[in-house]
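Look at the two complexes coming up: chain A is in both, with chain B in one and chain C in the other.
Moving on, here comes the complex of A and B:
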């Protein structure tokens, strides 16, 4: 018996958490750092057009990360996450324009309200699994989409305009400036990612993975699987709502299209392209998605057709998405 | 400790368990034997609430657990080692034990994870390996270890020896004997007659969803009729 086996249980759990990152995780940490540094430096090198794309990719990346928590980690494929994207946008629109609250109150209130709405929706949806889960999430999002189109209160299908960007005058800059807004989105995206990383590496995250791998086994180990699924549903909704807030600030407006099922579907595509159940996967997926779509739309008007072909190629050639493919390469070299 | 009374369980219209009675007392090993389809696994599933019984009662430590949900039953002090072992392919050995430890309600005082590594040194060597990279024997050790860290009063095992090499089965037998000696009761479903009679103090033989024989291990060994009719040994 080696000496370290004699540690107390508390110490042992502590040791568990402080284990050095395995090689693949170190590679991800390096990749993350590289990503963050190059994104920080980006505005000094590229044109406004590229920066616009980068902002769109980052917002899409936050959205896809929310989907990844539910789909990649807990194993629940949803086709309704765009409703929370819409809730985020409408939340701050209602808070600032209709209720006259400042943004710094509207935004956190929006996130709390989204969590409060998502929990009961999650409680209903997570009673199903597989195709039923996909359809019931789709049904919920279509219901809210329909409501948003009809509601006069929020200008129906015209949507709401005049959504404010954060007031950064304290720092002596204005968020209306594209470069400043770029850094604002970058900061929120990095924070969301770190939070997500913290969640999935926590014991809570291990339970989610356990549910994905074998739900009955988790029940037989004494976990209340239902509560964990609802928890991951609500957390995923909040992350999607963060993306919704950024998106509506980026365009200064929100309309029901934010909640359309196409939006939900694109989010799932990004997760698959980038690599599910890897924290950075959805960001890579979102970047590839935005860039390829832009490039294709410059070449042809039928870009959706070619994007479909591109998607099939990714699924056929890269197992586990682009990031999964890269990490397999790294694994082979070691 | 565990008392099962007149259990009737159905799969749809199929009447699988037709009034099963059995009981396990503290620090005892009880084996349930019988052919395929006799209702052994279904009995375990009914106790654990995975396939709830339609009629009858399951009482554990003086509490009626018949209608409780599975995770509540497990939290009341029963650990389950399923037939397929249920190892997560993408989760490391250490994480498996940490997840199981996290679920245990009354945290056992002895060092649970260290204790598992002590009785299964092989798992300590492979602590960083993923579940999918383990051999069948290692997976079975991990499944037992995972049940142990919860510090259960009763451990239920469904065919732990299935698909294992004879050397590994011997090792498993020694470990299960230790667990029993430390005060944890065992309820064992087995096809392996020899392992079962080595471990068990008391035996039930099931056939067609009914208990055909109940008695201590010696009386089963002595009873040629029951052995030949229901177990072909």
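Moving on, here comes the complex of A and C:
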């Protein structure tokens, strides 16, 4: 007779309760640790090209995390989050390149301004739901995209250049070095991830999940649902703006393409591929997205066609995205 | 002062008059049922009381304070909580999480963004108490979509109780339950604090008679009769319009 059978169900529950973490959590913690160690050690093992891809994946992961807060956790599918990616990029460009402010002032000012702009936009957009929400966010995004193309003081469609990377001379290194910039992006990405994790595990986060599950019930519980939706919209915008700042520092420039609807659509794809309403999902989705797209583009010029097929396969075969699939596997093993 | 007072309430959907000149007073602690045939306006009445639908005219006072229409959250905060006719639960999360979120709604912690929801032990304690009250303490860690229908109905009521209401509105709490589940639900509701005012909409007359002291009969949006169980059972108009001979 196996030990498992010899224990009564109550004894087994008692043993499980004494373990520091449930099995699924331990599995996730192990996955997370493996992920973190791999990312930290990456520059020692790979070429500059792979590191470039890793930087792009991490920036995309931060962007998709912002979308995940709104889409995965709150249940509001937006096609306009790229406007906040653009606001982040333009904000830092205006602060540093146009006004000559140091980065440590420009970055927080940008994020505060983005939150201040996002709140009223959110107040309008969250009065709608479903397809209407998707379309109104798209409309706002296209409106700002059009404005960015026309504005002369931000150089119209040419965009703005000369965006500096952070001054890390105190640490004796330069952020223009690809390895140093990689670690800088990694640090910001981890901080964003931790912030997002804290938000979604907080009482505020549980209200967002409740809104996604049953908005009417949340209202009848006594929650002012409209305010929570606006809060979620603004926080998601700030996270997307952080990605915009990183993106503009990475390329040293920003142009209206950062605000295009294609960018918003790609962010949503990353969330779906990685797994919505899982904190790490967007990072996994962004990594898969960047790597597969790069690989396909090296094989054929018509890579978008094959990427579409790849996306359909992921949706059809991995319910809940890659992490959702892994989660199901862990659940089955348990 | 009445726990709930409704004055000259009227509600029309276009040309269709659903509620006409309805007056109702429910004193504190009373168990009051609203019965009537389908289309009598019972659920519409509940939706108006809880702020989900605006009345065409008339006034609703909860403990003397007028209801602010369009803000069900403020109605709950004002001391009136409701359970729904169809389950309105957070299906993909656990029973405890449903109750924790419900208890958190009236707690200052609801705005907290940077602290774990597990660190608010008072809220979790309240949630566990609500579960015990409705005999759900053995299924706390189960997801709602794994519960039996009867347990879901119990959870509906438990969520409404988390708001620590002065008035509880229950819209057909026993709908769709088995006889055993129904009897268990009646026991649980009768075990609630006698200070709690209950307004109940229910088609099952055995449930109504087992729970309520006073019954109001609605017919085509008008009050047909109000009285005790015996008065209602012997009212010829009520028998004609709704009860039939079995409950008379």
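FYI, the second predicted complex is superposed on the first by the 310 of 334 C-alpha atoms of A that agree within 3 Å, B and C clash if a C-alpha of one lies under 4 Å from a C-alpha of the other, contacts with A are read in each partner's own complex, and residues count from 1 in each chain.
In this text, a contact is a pair of C-beta atoms (placed from the backbone, for glycine too) under 8 Å apart; a residue touches a chain by one contact, two chains touch by 3 or more.
Source: prediction; values computed, not measured.
Once the two complexes are overlaid on the shared chain, A:26 sits clear of chain B and of chain C alike. In the superposed model, A:319 lies in contact with neither chain B nor chain C.
Using the contact criterion defined above for the overlaid structures, shared-chain residue A:201 touches chain C, although it does not reach chain B. After overlaying the two complexes on the shared chain, residue contacts for A:127 are found with neither chain B nor chain C. Contact with both chain B and chain C is seen for A:225 once the two complexes are overlaid on the shared chain.
Within the superposed three-chain model, A:209 lies in touch with chain B and with chain C [touch as defined at top].
Shared contact residues on chain A (touching chain B in one structure, chain C in the other): 203, 206-207, 209-210, 213-214, 216-217, 219-225. Contact residues of chain C toward chain A in the complex are 50, 72-73, 76-77, 81-82, 84, 88-93, 97, 100-102, 104-106, 109-118, 120, 123, 159, 162-163.
On the side of chain A, the complex with chain B involves touching residues 1-2, 5-9, 12-13, 16, 19, 22, 203, 206-207, 209-210, 213-214, 216-217, 219-225. Chain contact summary for the complex, chain B toward chain A: residues 48, 50, 69-71, 74-75, 80, 82, 86, 88-91, 94-95, 98-105, 107, 110-114, 117-118, 121, 124, 128, 146, 150.
Interface of chain A with chain C (complex): residues 198-199, 201-207, 209-210, 213-214, 216-225, 231, 235.
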